[in-house]
Amino acid sequence: MDNTILLYAALLMGILGIVLGVIIAVFVKLFSVKSDPRVDLALELLPGANCGGCGKAGCADFAKVLAAGEVQPANCPVSSSEQIAAISLALGIDAGEVERMQAVVCCRSDIGEVRKMNYNGVQDCVAANMVAGGPDECRYGCLGLGTCARKCPFGAIEIIGQVAVVHRELCVGCGKCAAACPRGVIKLVPADSEYHIYCNSPEKGANKRHFCKAGCIGCRKCEKLCGSKFKLSGFLSQVNYADGAVVSGEEVRSIHCPVGCLLSVEERLEAAYNKVKGNKK
Amino acid sequence: MTFSGGIHPVGDGKELSCHQAVRTAPLLEKYFVLLAENAGKPPVPVVKKGDKVKKYQLIARADGFVSANLHAPTSGEVGGIVEVPGPMGVPAAAVEIIADGEDAGEPPFEPLLNWESIDPEILKQRVIDAGLVGMGGASFPSHVKLSPPPGKEIDTLILNGAECEPYLTADHRLMFEKPEKVARGAAIFGRILGVRRPVIGVEINKGDAIEALERFEDRFGISVVPLLVRYPQGSEKQLINAVTKRAVRSGGLPMDAGCVVQNVGTAAALSDAVMKGIPLVERIVTVTGDVVFSPGNWKLKLGTPAIEAVKLAGGVTEEPGKLIFGGPMMGFAQKSFEVPVAKNTSGILLLPTGVSVNYEASGCIRCGRCVQGCPMNLMPCLLSTAIEADRFDLAYQNHVMDCMECGSCAYVCPDHRPLVQNIRRAKAELRK
Amino acid sequence: MKYLELTVGAVLVNNFVLTRFLGICPFLGVSKRLDTALGMGGAVTVVMALASCITSVISNYLLVFTVNDRVIDLGFLRVLTFILVIAALVQLLEVMLQKVSPVLYRALGIYLPLITTNCAVLGAATINAESGRSVWEATVFGTFSGIGFALALVLFSSIREKLELAAPPKAFEGTPIALVTAGILAMAFAGFAGLC
Amino acid sequence: MDNSNNVNNIKLPTGKKLVLSSSPHLSAGVNLRQIMGGVLLALLPAVFAAVWFFGWRALGVIVWTVFCCVAAEAVWCKFAGRPVWKNVGDLSAALTGVLLALCLPVSVPLYVPPIGAVLAIWLGKQVYGGLGNNPFNPALVARVGLLIALPAAMTLWTPSRGMLDADYPERSSFFRAADLNETENADALTCATPLSVAGTMPKITGRSEEAENNFSRFANRDLWKRWFFGDRAGCMGETSVLALLIGYVILVALNLINWRVPLFFVGTVALISSLIHYLWPGVTPEPVFHLLNGGLFLGAVFMATDMVTSPITGAGCVVFAIGCGVVTSVIRIWGNYPEGVSFAILFMNALVPLIDRWCGRRPFGYVPLRKNNGGDR
């Protein structure tokens, strides 16, 4: 008796399996979708932060153009060089070369003790900047309300004592913060440059001194000593990143910026922390 | 007659200054005439440091179509093109004029006493020459509104005498004291546009002004429409709706509904430009507020710093917590008392710390007062919560771009949420 | 009255998610946005209706039959065959969705093939078999159970879309707050007890 | 600043206290505390009625519940790092406390309010991020939670003041026969609410004499009058329809609720119950019975109108209220629970985001009114 039941059971399952299998096969044939496996492959290897640093809407979009060969893997600013190598190997395309960038908040309003007026409203830089041009006296400085920090997908920006400071090791240079900043204080600079001028105001030095102790006064000392590595715009000296200028520590020491605007990323971070500590005391 | 939505500001502060006759300010030593004061492109200065100018002389020429001429408010010497604190908080370029104390100058244009029979184009040219702009707040060059593109038929001209902003009484006093000028200005605008019977919309809390204007109804062929008191009746779209029952489409201009709206102050200035041949160099400003010693209305020359206006009003009784150019609902908070008066400065308002709202929100309780109050039929509370979560896409879907920032929502909000500022932020982010 | 139980009963009184607590995985997984919730609800409804129909055919006619006056009861195969059918149906749906609505396909992601292991679908089929419903009754029950599932999902997702704008304490963000909400929603559905 | 020199001895501003903020710079001067205080004011008649009909214990329970809710709020705020006084000071916790107390029976054991307070304030409100973010009415979350978890404690009804008198109409329906003679010993006496009596009666479908007579004992004008004033067993705050109507008038006068919600809620219940009653008289009592009994008015006036958990637009409120009415009637007439108001409101709370989405407002000028040149896209 058991044998018969087993037989029927096997028969039922077999027939069911075959029938369903055939139906699925027909459906798959009818509704076949052409898809490029390379897109999925690239998407898998991309970081998936959807930061938009590559200029595309997100990683999925980037994977699509990547598979189509329109861009190179190095266009993704977030991936490390090993990750890029892995993508180029997987897709069998050239990795390409793109200069790595990094964000710098060019302002020392904390050190400069910029005067701020009473402000009552939304704690957001874009919103605050629209109320009579912002509550602080400097029209070009960091407002410190943290819009950039909230926009950063990598948590690389910290607000230390009402000013934004970038953590270099976390920043990938996607540029979201720079786009979010209503005052353009955040600049994207080559990742291998170490020293930057931490001021963003092209106003006359004398004007600046009224409300900020730490702004660049446009004394041109740096320009005189290092020539084309610096250029003056308005009354503000800037490192000439466009020409690939990299300022070395020695040069910085020889310049000895009178207001102390010319700093390395680490020095700037340390100064911000020290300032907060000092204020607490 | 009125529109739907809106609010009734209680204790609107108009009684501080509405019984004070307009006084003319004494001559100052220096005036700082702002260049970038009209919407659109700033005019280009045609004078330089050291030039001697006469009163009414052209000092900056309109640059392009959406731009307006600027004239010297008094005679004297040009001290240069300087930077002064601007009404938007950032420094702005201004022509400094050091008065010579004579205040002498000839009207630069020929009076057009026969305006009822001459070519409307000549009248329109006069509007351009005299540098007229909308004096209600936006400062939009007037002639732009008088040049409808082909295909747009204008059948209604409305003069905005609603003055719905609390505290302000400049238009009220103007209509009461100079009804003839306002009525004639309306008729001239009507002639330029080919509109038969211009309408002046006035809120009924200005009964004396309505009475005064009605005396000129037949002489100039205008009609005065009394409107119920409600804010923001002075907004173009709401005024058109209140007077004609038409609705300007979302994102459209008043012209789309066949209407043109001009401010009563602009009409009075036009009357002067046509009858006397003088350009726009001064305006009536309400200097008021709970801390002002003696609030009132003054005829101030363009470029008068706010502090001088406060001096005229006898100073303050206590240190003000807020300085506002314009009315308390849509005006701009200022950083400095050095900001000069411009063509669109309808009021200089000083509020004590206790009266101005303190934006300190805990959480939206969805009471719906903002929804009832919104004249544009939006849902500010939903917009605000979406924006606070950085969901600008959601705000866009909920028509954040239709908001005109009248402030009705934030005024009625029991939680004192910065609704308007949130909406401004979303608009700025969405325009990027 | 019987059909009232099959329809209203399946949607409200014995709602699969909020009263029987079946199918919680997609309920939490795809309820973040209203449109994906609608898609998921639709997909589950289709699968549930078809699965209920086919499985009741199988359990009524194929699992128990007589050969030469001998009753052959293959009831032990019930779960096996049901899962086979459901898996095949989900496979078909997946293939179709990929072609018809790639956006929804991508939005549903892993939860689409996971309908196979959605206990609500198997639950509906099993309940049908246990209460010996006819094929037609089973299909009606399956359809309305699916609608009940979709209703719960849509309600839940609309609440979650609103919650996304709120700022709950850090510890409650995401799934914890969703579970609290689901609990309160279940309490509200408890009021329907005894309707039919 | 040279301007600060006094000219003719007038005081000039220095600008040192100037505050920058976005327009508008004025406010109507209403704050949350006033709104919550207004609702509390509207609840006072109901509190008086509760004390009048159920004795001083009612007041004790109300005060105890309010204390528990405020304490729960304070404790949470303390540990969540929110400003304690600001959150307690807006009176929302106190309001939740009063509402919760009013939907408890007067004889409720004293350990129930603390449980309810934790359910309402923590689970119903604070886990969602505090006032304004909760999708469900906190007081109702607590009530339904307690009803499901502690059904015995939550349905322990004691007679109201008038029910102890021998001339109370249809007294025998509400007391057990054995208890009927011992009404002097009121403390230990339990009784039934009219809704629970009606719920246990057989439902007779179809039209017959028997069906007509099924609920006829409730068709008693004297009884209706007593119910209207609040003289019946039930939750403390729900019995007096009169007091709740006074509350409704206060709320509408102070513009604290959308007046449509109670109207449409009660109207829908009346409509459905009268429809069912006149089709099958043996299934459910008359509509007047439904209006005067249970927590309909308490729910319609104070629970369904809770701003946070009801739709924003007028149209949305109407949809919401009708939905509440439908679900209430369905549960009352066919469900296991004798009362469906709290379940109905909780269920409709869940629908509010959808209602808000579908009953949104069309912006001004979104569709032009004029056709000739009124702007055609």
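To keep things simple, chains are lettered A, B, C and D as they appear, and every chain counts its residues starting from 1.
Everything that follows uses one rule, which is that a residue touches a chain if its C-beta (ideal position, glycine included) is under 8 Å from a C-beta of that chain, and two chains touch if they have at least 3 such contacts.
Here the structure is a predicted model, which means the values were calculated and not measured.
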| item | value |
| --- | --- |
| Label of the chain whose CA centroid is most distant from the centroid of subunit A | D |
| Whole-Å gap between the CA centroids of subunit B and subunit C | 62 |
| Averaged-CA centre spacing for the pair subunit C and subunit A, given as whole angstrom | 44 |
| Intercentroid distance (Cα basis), subunit D paired with subunit A, Å | 51 |
| Distance between chain centroids, defined by C-alpha means - subunit B, subunit D (Å) | 48 |
| Subunit D residues counted as touching two or more neighbouring chains | 17-22, 129, 132-133 |
| Multi-chain contact sites of subunit C, meaning residues that touch two or more partners | 166-167 |
| Junction residues of subunit A - those touching two or more other chains | 117, 120-122, 127, 130-132 |
| Graph class of chain-chain contacts, one of line, ring, star, complete, other | complete |
| In the complex with subunit C, residue positions of subunit A that touch it | 4-5, 8-9, 12-13, 16-17, 20, 23-24, 27-28, 31-33 |
| Of all residues in subunit D, those that touch subunit B in their complex | 3, 7, 10-32, 34-35, 86-87, 90, 129-133, 258, 307-308, 310, 312-313, 356, 360-370, 373-375, 377 |
| List of subunit B residues in touch with subunit D within their complex | 4-5, 7, 9-10, 89, 152-153, 166, 237, 241, 245-250, 252, 256-258, 291, 293, 307, 310-311, 314-317, 319-324, 328-337, 349-351, 353, 355-357, 359, 362-369, 371, 375-379, 381-382, 398-399, 402, 405, 407-408, 410-416, 418, 420-421, 424 |
| Interface residues, subunit D side, partner subunit A - complex | 17-22 |
| Residue ranges of subunit A touching subunit D (in the complex, touch as defined) | 117-122, 127, 130-132, 135 |
